[in-house]
Amino acid sequence: MTVTVQTRPSRVRAGRRPAGARHEARWGLAFVLPCFLLFLVFRFGPAVAGTLLGFFEYTIGDSPHFTGLDNFTRMMGDPVFWQALKVTVLYTVLYLPLSIGVSLGLALLVRRSFRGVRLFRSVFFLPVITSLVLAATIFTWLFSSSGPWGKLFGGSWLASPVLVIPALVIVSVWSRFGYGMLILLARLQDVPRELEEAALSDGAGPWQRFRYVVLPQLRPAVFFLLVIETTNSFQVFDLVYVMTGGGPARSSYTLVMDLYDQGFKNFDLGYASALGVALFVLTLFVALLQRLLMGRGK
Amino acid sequence: MRLRMIAPAALLLAATAACGSGGSGGSGDDKQTVTMWLYPVIADEAKHKAFWNEQIAAFTKDHPKIDVKVEIYPWAKREESLATAIAGNKAPDLVYLIPDQMPKFAKAIEPVDSYLSDAAKADYRDNVKQAVSIDGKMMGAPILMGANPLMCNQKVLDAAGVEAPKTWDDVLAIAPKLKEKGFDVTNYYADPSATLNQSFYPLLWQAGGNVFTPDGTKAAFNGPEGVKALTFLKTLADKGYVEKDLLTGIPAFEQTHLAQNKVACTWQQVPADVESFWGAENIKIFPPLTGVKQAGYGSIGALSMLKAATSKEAAGQWLAFATSPAVTKAYDAASSFFSPQKSTGALYSSGANAEMEKTLDLMTGAPLHPKARDVMGVLAPEIQAALIGQKTPEQALNDAATAANGLIGQ
Amino acid sequence: MTAQVNSSRAVRASYRALEPSRAGKVLRVVLLSVASVVTIFPFYAMVVLSLKPVAAVEFPGSLVPWPFDGGAYERVLGGGDLPVWTLNTLVYSLVSVVLVLVLASLAGYAFAKKRFPGKETMFWSFLAMVMVPYHVTLIPLFVLVASAGGVDTFWGLIVPTLANAQAVFLMRQFIAALPDELFEAARLDGASEWRIFMRIVLPLCKPILATLGLFVFLWHWNDFLWPLVVGKSTDMRTLTVGIAALQEQNVPLNVVLAGATVAFVPIFAAYLVGQRYLTEGVTMSGIKG
């Protein structure tokens, strides 16, 4: 399916009069408007205000002073920023394929109905309904040297500068895969059975059926997951905050940890906002890239 | 038809705009409201509330026109909730702060000097008053004090047949004997989110060092004293004399060796933390360790007034009352803390708390530098790097000092 | 597993051939069982550890569920205003769910199936806002809500969370995949736009609305920072904030887990009731026809 906003014009619509187009535009706007207004006031406004702060020096109880690009120059020369960027990218690179892979694999396994399928689906969804902080708490124990994982591997992964990120990725995947699975599942159930049967009668094997029949149908859902999960993993915070505090020795210090420390520990709100701008630009860039790639693949 | 869809949006917008002049304000007849935010200093919320209701009742007898409201906030995310409240002009008039937070909120804080009587100010212990003063002004009126001397587990000392250490040399001498029996000599929290006030700074002070130079223009922790302190600590870590998990994370307390009766002595926890695990009879308090000199960290809780307070005078009157020796004495006894004032006398007659109380004057407060927290943020991960063997103590401290000097210079 | 087929009898066979072979079925069950155990294990550990006395955490002894100890629950439930907090949390979550679903499906439908000026810009600005870190917008958002008098009110708590870009994005992606012909047919029959939305779009979106609704509910139910910041007075506390306020700084693991379990039970109950709808999906004959 298409991922761009332009949906393919149907034959019927192509023949309509301009008045129909105006009618359509009016209704389109009317449907979007309530959401858009709320959005403008409560998301866009604060986001713009927050972003602009990146060009100011601002601390609590003081009024902001305009400092131009100072915060950004400082950022470029700040080794902590580069470390945080490295950690964030590494985390995302590990997390994305693993999380989408697990979601997709399980969605395919439970898409058809068989005895017990509902039980499996329900079980896989359980982690999603537990809060992330709770997951972080319990996994801290599981990984610690008194917990099973720590005992199995003879020490805590969270204590290793190398293994700490894989450990955090495991927790993330555990707590999120049910979400992806369900979204893909909802989409999979719309894949017309006839299409697959037709492919089957054309002699297509399971992989070919998946690759050429099922996957194209899943594209909008996969694109959604990609963008949302990229954003989530670029902004990973709660988990790191509870489980490692960014350690050991900054090996799991992510960009939002840095942003948080600058903003709410040091109250250097201007610099924190500048970090937010950097993160925003990075995320947007990756999302546009993903859109380009997904769009081309169709 | 179209109207039906636009209506909700318009309604929402109107609601947003119309409520512009919200805000509760005082309830007429010039009664003034003073709001105070506290945190669960007394863990039992019902008891905590009851305590303050009693105080408020006593206070309003003499000040019928002042209405005091106490809100108890969770510890979690307290900086965010306070910072947003100040920025949004919804902050309380008085708030519980620790000296650590004061430099960062300094611009929003009203010094309390003019709201306390000279007698009240003179009654504070000298180290307490110093710990809350910035440029000679008191940024809060202390209401409680905690001490972190050396606390030892008698059961562990007996099992290994050793005496409680007095100096760093003693620590290194008894550590192998303890290790042989499966005990740690002490514990050290190196997770970057743990405050250095309780962990590394006492060692730095004991080595004769300081976090900042006296004029505050540079970091001083990378001098020979700092290197000595970190080397001492690294020896403990390298030889396996302290619990490994604590070097990289903060497990739930009951999972630590300390709670499991496997640690001889600590300067990072206090009796209230361990009593249910050790049994009161096994808790022994000793003066803080001596390296070159003797030093320990003393924590302080204070009530600070915010500049935006609606009626500073009313808030000041309540502040003076709430931090008067009679109130602090009762509050501190109920929360197992100590009094920051001299006139209250000893709060405890026996047990560990009585021993702790005797060490109060040996305690040093956190460094009150405007960049103290930022510096902690760059120093803590470097200490951790040294302890897990990524850097030598000199390297780690020098790297941290470079970063810290950059922050101070800004 | 595949079969070359031509005759109509063989087509029926192919229908069955889409199902895995016997060996495939066994493998499927094995894989799913392993995945289930891995999924459940941490969860099992949470509940069991919350029922242990303080400090009974050494593996493997700590994972044997007996004997029970309710001490942690007594600490969590004792003395609090649990009913008030639960009610506040319910209002916050349920009102938000209903409004978000309505707003997001309206906007998602328009973005997916309508052409109007500024659509592309609007859509990408929606999406881009998901990418601005929450901590950057927190203070400006609070200043806005506070200056409009929203502190300590339900609307101040709820309204700013309704502009849920992720929900709009999700709805758009799903509605975009529905065939246009369905809407065109209704339009040619003279159905109004509103009617098309109510009678065609919403019913077709049932499975995804159920999923999304549950998620929105969970986001709100587990939210901590925003309710903490907006609800200044004790009467406005939600469950997460209320339970956190009962805790001193060094909370034992079993008490943390007990608190979390208390907050979790209502969700779990709602999930048990609703999961059939959620995970079974709905056969969408309209699309296949």
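The letters A, B and C name the chains in turn, as written, and every chain counts its residues from 1.
Note that a residue touches a chain if its C-beta (ideal position, glycine included) is under 8 Å from a C-beta of that chain, and two chains touch if they have at least 3 such contacts.
As the structure is a computational prediction, the values presented were derived from the model and not from experiment.
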Contact graph of the chains (line, ring, star, complete, other): complete
Set A-B beside A-C; more C-beta pairs touch across A-C
Taking each chain's mean CA coordinate, chain B and chain C are separated, in whole Å, by 38
The distance between the C-alpha centres of chain A and chain B, rounded to whole Å, is 37
Cα centroid separation, chain A vs chain C, in Å, comes to 15
Check: chain A positions touching at least 2 other chains come out as 26, 31, 34, 38, 41, 137, 141, 146, 264
Multi-chain touching residues of chain C, meaning two or more other chains, are 57, 106, 138-139, 159, 224, 253, 256
Flagged in chain B as touching 2+ other chains are 5, 12, 16, 80, 83, 87, 252, 255
Within their complex, chain B touches chain C through residues 1, 4-5, 12, 15-17, 19-24, 40, 43-46, 71-77, 80-81, 83-85, 87-90, 252-255, 259-260, 273, 276-277
In their shared complex, chain C is touched by residues of chain A numbered 1-2, 5-8, 10, 12-13, 21, 24-29, 31-32, 34-36, 38-39, 41-47, 49-51, 53, 106, 109-110, 112, 114, 116, 118, 120-135, 137-139, 141-142, 146-148, 151, 174, 179, 182-183, 185-187, 189-190, 192-194, 196-197, 200-201, 203-206, 217, 220-221, 223-224, 227-228, 231, 234-235, 237, 256, 259-260, 263-264, 269, 272-273, 276, 279-280, 283-284, 287
Chain B partner, complex, touching residues on chain A are 26, 30-31, 33-34, 37-38, 41, 59-62, 74, 79-80, 137, 140-141, 144-146, 155-156, 158-159, 161, 241, 243-250, 253, 261, 264-268
Seen from chain C, its contact residues with chain A in the complex are 1-6, 10-11, 14-15, 17-19, 25, 28-29, 31-32, 35-36, 38-40, 42-43, 45-46, 49, 57-60, 63, 103-104, 106-107, 109-117, 119-120, 122-123, 125-141, 144, 159-160, 162-163, 165-166, 168-170, 173-174, 176-177, 180-181, 184, 188, 193, 197, 207-208, 211, 214-215, 218, 222, 224, 240, 253, 256-257, 260, 263-264, 267-268, 271, 275-276, 278-284, 287-288
Note: in the complex, chain B contacts chain A through residues 2, 5-6, 8-9, 12-13, 16, 79-80, 83, 86-87, 104-109, 190-194, 244-245, 247-252, 255, 307, 373-374, 377-378, 381-382, 384-385, 388, 390, 403, 410
